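Both complexes below contain chain A, partnered by chain B and then by chain C.
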Partner chain A sequence: MTISPSGPALQSRFGAAVTRVVESCGDTIAYVSRDRAHEILAWLRDDPGQHFNYLTDVTAVEYRDAERPLEVVYQLRSLDRKADLRVKIELAKREPLEVDSVCDLWKGANWLEREAFDMFGVRFRGHPDLRRILMWETYAEGYPLRKDFPLRGHFSRAEQTRQALAANPEAHYSLEELSIAETFHELPAEMRERLAKGERGKVG
Partner chain B sequence: MGLTPVPAPESRAELDAASPNWVTTKLSALINWSRTRSLWPMPFGTACCAIEFMATAASRFDLARFGMERQSFSPRQADVLICAGRLPFKLAPVIRRVWDQMPQPKWAISMGACASSGGIFDTYTMVQGIDTIIPVDVYVPGCPPRPEGLLYGILLLQKKISGESLTDTALREEQVLGPHGLFLPPSRIDEVSEPFGNSVHQTRSA
Partner chain C sequence: MSTRTVEATLSTTGVDAEGNPIGIPLTVRSGDEEHMLINLGPQHPATHGVLRLVIELEGETVVRVIPHIGYLHSGFEKLGEYRHYNQIVPLTDRTDYLSPMANNVALALAAEKLMGIEITERCRVLRVIACEMSRIISHLVWLGTTGIDMGAYTPFLWLFQQRELIYDLQEAWTGARLTTSLTRVGGLMADIPDGWEDGLREFCRAFPKVLREVDTMFTRNGIWIGRNQGVGTISAEEAINYSLSGPMLRASGVDYDVRKDRPYLGYETYDFDVPVGEHGDNYDRYLVRMEEMFQSNRIMEQALARLKPGPINVDNPRVILPPKSRAMSDMEAMIFHFKQVMEGVRAPVGEAYMGIENPKGELGYYFVSDGTAKPVRWRIRPPSFLNLASLPRLCEGVLLSDVIAINASVDIVMGEIDR
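After this line comes the complex of A and B, so read on.
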């Protein structure tokens, strides 16, 4: 396999903002700078010659080598051209882990970015709803997929049990997550009123 | 529960009052007989054990032979909670609420290695045995247990219920959850779970 034509196209258009383009196991990987990543991803989506209209995944990687930067990975797919491209942003660990959200480009990025935030602590600027998604919202032990996170967590089992039991499983779900949004008008008036006021579930 | 030492009665009259008589023993036997043969299970299936549970409930193994004709998907009409699969911490308050919603008399079966001890998932997400959240009557080992294993566990539970006494109100007491879950001292945990893991030096409380 050779490098996808999107790689050289990126380099000629964005110059130094694309630090390098490599080929690995048949996939093309473009490393881009954090500051222009959003602009580059928008171009990859909208340019007629690229047209990467499907965002397969957003995730992050941390390597065992402590000096090596943490990477945020965007896996793009063009459904029309049947082409793939992987875009990576390298984040030095001594700097704040922050990148721009791509929720405005691909709506599907919403939960993917929440997962990357939940597991790695990468903050996505401009994300409409950056909350934990896999761990419960009051989870206080840190970011589980970071290399400095012990397998059994930071707290003792007793403390973990206590915190888990203190969590309210109904407290933090939005209307959309409860699938009420589409049938909102069919709900009883009294319930609509309560939900409109933002009332959330309570443990009895 | 059964491990708690009962203080010895001090007088003969107290002993007589505490001892079951002919009527209560016969009544107990009748009631226990009916309870053992109409256990309604509340399946709490979270993983591959739930697939084995479904196989147990289906026609080949046929749970209905043991009086479990009706799967009770509402905890309020259930007698036995069968936790089939691993329990993450995120589900801990959920299973506790399901258990609290079940009316007495109620029992719990912990099905499989993960529900009983956390199994291979000795990680930050996993409850290390559901007996830290709810009291368990029967543990079924296996990963996952075969349907025969679960049926044997159910038969053991029926045997346990047959030996219950109506006069023993402690059996029907709700076990209140402390701030850190159900409290068992580490020595007790090691005592009931020995041997644990793949080494004689590994203890469950550690």
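After this line comes the complex of A and C, so read on.
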């Protein structure tokens, strides 16, 4: 198996921002720097020679080796060229887990990035609506797919059950749903503080 | 965030017994108009599972839809990191539970890509049959339940009768109707029983007739056309931008089918057509899925014709479990049996993404391995998760009753969305 021509093309255009290009099981993987990732992904989408117009997947990978950086993985595809490319950003654990959102390039990234945030705690700068998606909003145990998260969770089963029942998400409408973000600052300070902590008004 | 101001009695300092703020009204004021918030689901028959939609209405027109998912979250991806590759197969049954056999096949293909295993010819043909059977039952459920959402009950019964026939075949092959766990890395859990082909051949012969009857019930039906044509439209460009896949993508006019464009299991050698829509509305999605069932039937007929006797598993005792009879009588077979059950199949260091054309769209499994028998990361690329993400866009400005029709046309299955 050979490396896709997109790999060398990236290296010649972006130089050191593409740290390395490797091949695994026939797939080409390009590691790019966090700071220029958005620019590189936009180029891959728009350059006529590349034209990776379809974002197959966004996810993250954490290795069992705690020293290894966490990776944010973009699975790209060019529908007309029938070519694939995997782009990875490595995030060192001691730095904040933050990358630029690609929601402005692909709308499909919206929920995928929300899921990566929900499961790994990776923050996507510039995401229009970065909320938890599979876990409920007040979920307090952390990020389930991180390796330091035990299979059964951090809390006891009894505590998990209690919190899950107390969450009762259907009885509550979030701030966004009520569109009160604009009037938020007019609320009394004490109420603002409690809403910011994740409390929600009950439907009355 | 919109600049609309909202009248909320939150500004009271009133709290209930538990100390939560109380008294948020369900109507919101936007300029001169009053908007209403409707909560649909999670327990609602038209949400096809446990999906909750919060819908903001102006009169009867939808201003926006906010989907809430996660009610069926089971942590499959996390569980997969604690299991051998073969032990993950049962988890895939439970993701898209309307097409379990196709999920099993996808998982085996991903693991085989990671380990560099070439499967046998008979196994490939049987897996193609499994995938196409799954496509038919999934589309049958979709069409039947969508019909009910639009008030048509009879086709539901006809279609579920056909689905029952495939379920009988599935049961005869795997022993289970739903939790099939058909595949193993490098092969299959079991070969088809004697006489099974005749049952499938009979199904392939009779099925198009029923499908044509359903076609006469729907395709030119005034109510069906009125509820579906021009509703939930999305252009080809947007469909790509939203990462839609499967019938959702093709109904918008994008000719992309993983079976044709990145062939696996020898799909390039089968003669079948990929239906592509034009308008990207509910009606085109219906037409695409309808035609896909006829095409799946064609593929199954061709697969049956080329099904030759032969081994179903690769000849590699490190990958394939020896038969129980040999494990009980032959020392070497017993050792391999023990090693595999206790240690699992080891994968080399590396990673592999394998996408297949599932009934709902492109199902992708992404494995990252560090050389042990359990994956470091098992990622499911769920097609209906991404298709559902376009629902707020599809529902902009439609009537409330159209939300039900659009949601039905997306063909979601919550087991896969929430995983």
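Definition applied: the second predicted complex is superposed on the first by the 170 of 204 C-alpha atoms of A that agree within 3 Å, B and C clash if a C-alpha of one lies under 4 Å from a C-alpha of the other, contacts with A are read in each partner's own complex, and residues count from 1 in each chain.
We adopt the following convention: a residue touches a chain if its C-beta (ideal position, glycine included) is under 8 Å from a C-beta of that chain, and two chains touch if they have at least 3 such contacts.
Because the structure is a prediction, the values reported are computed rather than measured.
**Student:** Please work out whether A:Gln160 is in contact with chain B alone, chain C alone, both, or neither, and reply first, second, both or neither.
**Tutor:** After superposing on A, A:Gln160 lies in contact with chain B but is clear of chain C.
**Student:** Applying the touch criterion given at the start, work out whether A:Ala66 contacts chain B, chain C, both or neither, answering first, second, both or neither.
**Tutor:** Neither chain B nor chain C is touched by A:Ala66.
**Student:** Regarding the shared-chain residue A:Ala189, is it in contact with chain B (first), chain C (second), both, or neither?
**Tutor:** Neither chain B nor chain C is touched by A:Ala189.
**Student:** Have a look at where A:Ala16 lands relative to chain B and chain C in the superposition and call it first, second, both or neither.
**Tutor:** In the superposed model, A:Ala16 contacts neither chain B nor chain C.
**Student:** Determine, for the superposed model, which of the two partners chain B and chain C contacts more residues of chain A.
**Tutor:** Chain A has more residues touched by C than by the other partner.
**Student:** Which partner does A:Gly108 contact after superposing on A: first (chain B), second (chain C), both, neither?
**Tutor:** A:Gly108: touches chain C, not chain B.
**Student:** For A:Met135, is the partner it touches chain B (first), chain C (second), both, or none of the two (neither)?
**Tutor:** both
**Student:** Quick check for you: in the superposed arrangement, does A:Leu151 touch first (chain B), second (chain C), both or neither?
**Tutor:** both
**Student:** Just chain B (first), just chain C (second), both, or neither: which does A:Arg86 touch?
**Tutor:** Only chain C is touched by A:Arg86; chain B is not.
**Student:** Common interface residues of chain A with chain B and chain C?
**Tutor:** Touching chain B and chain C on chain A: residues 135-136, 144, 149, 151, 169, 203.
**Student:** Any idea which chain C residues touch chain A in the complex?
**Tutor:** Chain C reaches chain A through residues 1-6, 8-11, 13, 16, 20-26, 28, 30, 37, 39, 42, 52, 54, 56, 66, 68-70, 73, 75, 77-79, 82, 113-114, 116, 238, 240-244, 254, 256, 261-262, 350-353, 355, 362, 364, 366, 368, 370, 376-377, 379, 381, 385-386, 389-390, 393, 418-419.
**Student:** Along chain A, where are the residues that touch chain B in the complex?
**Tutor:** 135-136, 141, 144, 149-153, 157-169, 203
**Student:** Can you list the chain B residues touching chain A in their complex?
**Tutor:** Chain B reaches chain A through residues 89-90, 92-94, 96-97, 122-125, 127-128, 132-133, 177, 179-181.
**Student:** Flag every residue of chain A that touches chain C in the complex, lowest number first.
**Tutor:** By the definition above, chain A touches chain C via 24-27, 29, 53-57, 59, 61-65, 73, 75, 79, 82, 84, 86, 106-112, 115, 119, 132-136, 144-145, 149, 151, 169-170, 173, 176-183, 186-188, 190-191, 194-195, 199-204.
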